[in-house]
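Structure in structure tokens, see below.
A, B and C label the chains in the order they appear, each numbered from 1.
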Amino acid sequence: MLSLAEIAQRTQGRVIGDELTCISGVGSLANARQGDLTYLSNQRYRGQLQATKAAAVLLAEQNVSNCPIPAIVVTNPQLAFAQIAVEFDKRERIETGIDSTARIDPTAQLGRNLRIGPNVNVGAHSVLSDGVELCANVCIGAFTSVGLDTSIRENVVVYHDVRIGARCTIHANTSIGVDGFGIVADDEGQLQEVPQVGRVQIGDDVLVGASVTIDRGTIDDTIIHDNVKIDDQVHIAHNCVVGAHSIMCGRSSLAGSVTLGEYCVLAGGVGIAGEGPVSIAGGVEIGAMTFVSRDITEPGRYSGSTLHTDNRTWRRNALRLNELDSMAKRLRRIEQICEKQERAE
Amino acid sequence: MLSLAEIAQRTQGRVIGDELTCISGVGSLANARQGDLTYLSNQRYRGQLQATKAAAVLLAEQNVSNCPIPAIVVTNPQLAFAQIAVEFDKRERIETGIDSTARIDPTAQLGRNLRIGPNVNVGAHSVLSDGVELCANVCIGAFTSVGLDTSIRENVVVYHDVRIGARCTIHANTSIGVDGFGIVADDEGQLQEVPQVGRVQIGDDVLVGASVTIDRGTIDDTIIHDNVKIDDQVHIAHNCVVGAHSIMCGRSSLAGSVTLGEYCVLAGGVGIAGEGPVSIAGGVEIGAMTFVSRDITEPGRYSGSTLHTDNRTWRRNALRLNELDSMAKRLRRIEQICEKQERAE
Amino acid sequence: MLSLAEIAQRTQGRVIGDELTCISGVGSLANARQGDLTYLSNQRYRGQLQATKAAAVLLAEQNVSNCPIPAIVVTNPQLAFAQIAVEFDKRERIETGIDSTARIDPTAQLGRNLRIGPNVNVGAHSVLSDGVELCANVCIGAFTSVGLDTSIRENVVVYHDVRIGARCTIHANTSIGVDGFGIVADDEGQLQEVPQVGRVQIGDDVLVGASVTIDRGTIDDTIIHDNVKIDDQVHIAHNCVVGAHSIMCGRSSLAGSVTLGEYCVLAGGVGIAGEGPVSIAGGVEIGAMTFVSRDITEPGRYSGSTLHTDNRTWRRNALRLNELDSMAKRLRRIEQICEKQERAE
């Protein structure tokens, strides 16, 4: 339970209405129940404010007028909501201590206040800093280190010789440090795997979603810098570098040796893959399901996807795509004829 | 072993040939062995009927003539085959009972005839209904419930506060209830994760493939309605709603706040993602690898992918795509010149 | 530690410089440290040779001149590097023996020199050949066999009745033998799952990445032939056949009943899915994020993706795509007018 006064203090906000109003949960404008705190961030939902059952709302100055319930005025309602919602998160960290079924190599260096769940495996010469949480069935390879207060969820596999920073969260069923996909044909055409002896380095405050795959470098390391946020089912191949504060949405992927700058945003399903290394400047945003095969050197927004339409229209036009070059040339020829005629007149 | 008479009874079919013919397995038309039951559903394969080694075939009335082997005539051969093939499925549920290595929180509510495998973890206040199967290494979070006879395969992770209905199957390495991907920048540009306090609700008779990720809602719930069928590597983000009887094929995905109607079919690799919420009407089918960024309000078939061609043709035409708008304008200009000339004549 | 003489012998190379130079590790041209062996394979990096700190370099005859450090001349520097780098791979196989927490069914047939980690499950009537490595939490279903020296990494799930050949590597969190996605509507429109009673057969020397899903066949088997190399997050649906020596890069996928020939290469994100079975000839290479919906009968390189551009250009042109057919017809009409005029002149 939090009072509006307490919430205003934590969010640096200003209460309009009864400061003693008590908040017992959080809810959306449309579905909040009695006692819930809600927030208004997107103007699209402003109309829902009149009918909400919430006890109070976080909102920006511009939306204060006609607000029918107590409000806390803040500069960034979504951020303020994030700061408060964490109080009502039902998920509990696992208990402090090392479960009796966990298998920790005697050479591992263990910090204090570890939370190690059932059937966890920790390899030789690994390092777990203070407050690390390893949920059930997590496997940590040899020579791998996990930083302060990092939480690794159930069934995650971290291979050997990987460095993970402080305050990271890594969600279920993710694999980090997997061998990069380096294949070379021998003289008989038999495919051979190139040993992958580089590492993965992950900075501080990095979020990694579920079923993500991050491959180790072939020789040099794969590097994820501080404060990068990675959604579910993202794939990052060997020797990629992801700049600080970048966001990779669900199912986006980087082929081998892609460098992404700082403050980039890849929307869902984006794929970056070139014949050689590809480099993306800082501050680049790429639209959903776009394929990028060449460097992008300037910040800005880029896209390349095609839009859906009804099947009949789609089929008719999709087939014409392969005539486009011919059409362009024929159009040019006719323009020349027209120009000639115009000159002749 | 089943006789044709028994099979006909179960499939509401009519036997042509010896009713006592015994079936000991199932096989395709091309590869059936002696004693196998096969089926003919797609006219494309009708020619294979003459040479099949199967002991009998399920087929529709229209294909009865010239059938060289005993047949069972049914209205839907594929459905009838599904009803019989289940008898010959080699996979066995794990044994009834709770494995000694399973870790069940004492506050969990346990139904009868549970099948709980090795190293399973079940959190506090969770509910397992009668007949639930949890295979090895499955993790069930606190406050999560699993319905009657639902089967959850090896290494699946279900987070806290998730509801799963009756008779569902969830395949290996899938993660359900993962934190939605909500990121907000604070005043210093540092990315912060928005706590995800909503739940996931999954209805009855839902199939979920392997390595699927289903995120919990940010505040409201992510909802998968009854009888939805989800293939491997599908991603469903926070606050999505999937209508009953919808099908999501392999690697299709929904970004945050997408609503899919009833009886929809997303082919492989489809991605639905808009700037805000996107809503897809019931009865919509979307072709493989199509990107949908806007609402679809009418039932029907939609696509948006581009077709492959040889690399040389592709390169020539793909580069012209960015001239398309200019070409359209130039074409219009020439049309106007032509129209003027025609009027002048 | 290896001397250049030893390295030359193993790689069938020729030393230029001091044969007794000792190698203690491997590094890239740019980041090698003292004592490292490096290699030059791509001309793009030739300039880095002058400044490298490596102790020696593997290179081709054409790059020998002006090499500032001892060199080993080989025909394929990348292949030679692969042969040597394996010596410096820090990853260790788990110890020979069967961990006390592993659960092996008494009917399983066990070879010699097995390496079975903690919490491994092996089902009834399964077969593990000599030298098989099963890392922590691996689950092997009933009637499944694993060939000589194959290594299966942490948290992999192999369902029942799957055959895996010799010398394969299967990376973390992968699922093999998952039920194919066969759905049929019954008379009331309720979706039913078709039992999947086929198997998965995987040949020798196959590499399977992390979070891969390979579905079992519906009736016949899904088959991966010898020496196929599969990257992370690849999806292979029921009844696919992948020809020997083919390469499937990250996130590529095959829908049900796709046949891929020998020596094919699918770049990242490629999807192959047709209305019925699709067949791809041997020796076909498909560019990244291409969608293939029809047979390809000739070897060669194919693509179908669209290229990215800045958002403004993209939006303008993407919207025109649905006018393409109309544009083609209007262009043809104008050409006819022009031809008529030319004939008239």
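Basically, contacts are C-beta pairs under 8 Å (C-beta built on N, C-alpha and C of every residue); 3 or more make two chains touch, one makes a residue touch a chain.
Everything numeric here is computed off the predicted structure, so don't read it as measured data.
Peer 1: By how many degrees does chain A turn when fitted onto chain B using C-alpha atoms, rounded in steps of 5?
Peer 2: 120
Peer 1: Same residues or different residues: which describes how chain B and chain C meet, taking over half shared numbers as same?
Peer 2: Both copies touch with mostly different residues.
Peer 1: Using mean CA coordinates as chain centres, what's the gap between chain B and chain C in Å?
Peer 2: Averaging C-alpha atoms per chain gives centres 24 Å apart.
Peer 1: Identify all positions of chain C at which a residue touches two or more other chains, and write them in rising order.
Peer 2: Within chain C, the residues that touch at least two other chains are 101, 119, 137, 155, 173, 211, 233, 251, 305-307, 309, 314, 319, 321, 323-324, 327, 331, 334.
Peer 1: Applying the document's contact rule, which stretches of chain B touch chain A when the two form their complex?
Peer 2: Spelled out, the residues of chain B in touch with chain A are 101, 103, 119, 121, 137, 139, 141-143, 155, 157, 159-161, 173-175, 178-179, 181-187, 189-197, 211, 213, 215, 219-220, 233, 235, 237, 251, 253, 255, 271, 273, 276, 286-287, 290-294, 296, 300-307, 309, 313-314, 316-317, 319-321, 323-324, 327, 330-331, 334, 337.
Peer 1: Report the residues of chain A in contact with chain B in the complex, numbered from low to high.
Peer 2: Within the complex, chain A touches chain B at residues 26-28, 30-31, 38, 42, 44, 75-76, 78-79, 81-82, 85-86, 88-92, 101, 117-119, 135-137, 153-155, 169, 171-173, 205, 207, 209-211, 227, 229, 231-233, 245, 247, 249-251, 263, 267-269, 288-289, 305-311, 314-315, 318-319, 321-325, 327-328, 331, 334-335, 338, 342.
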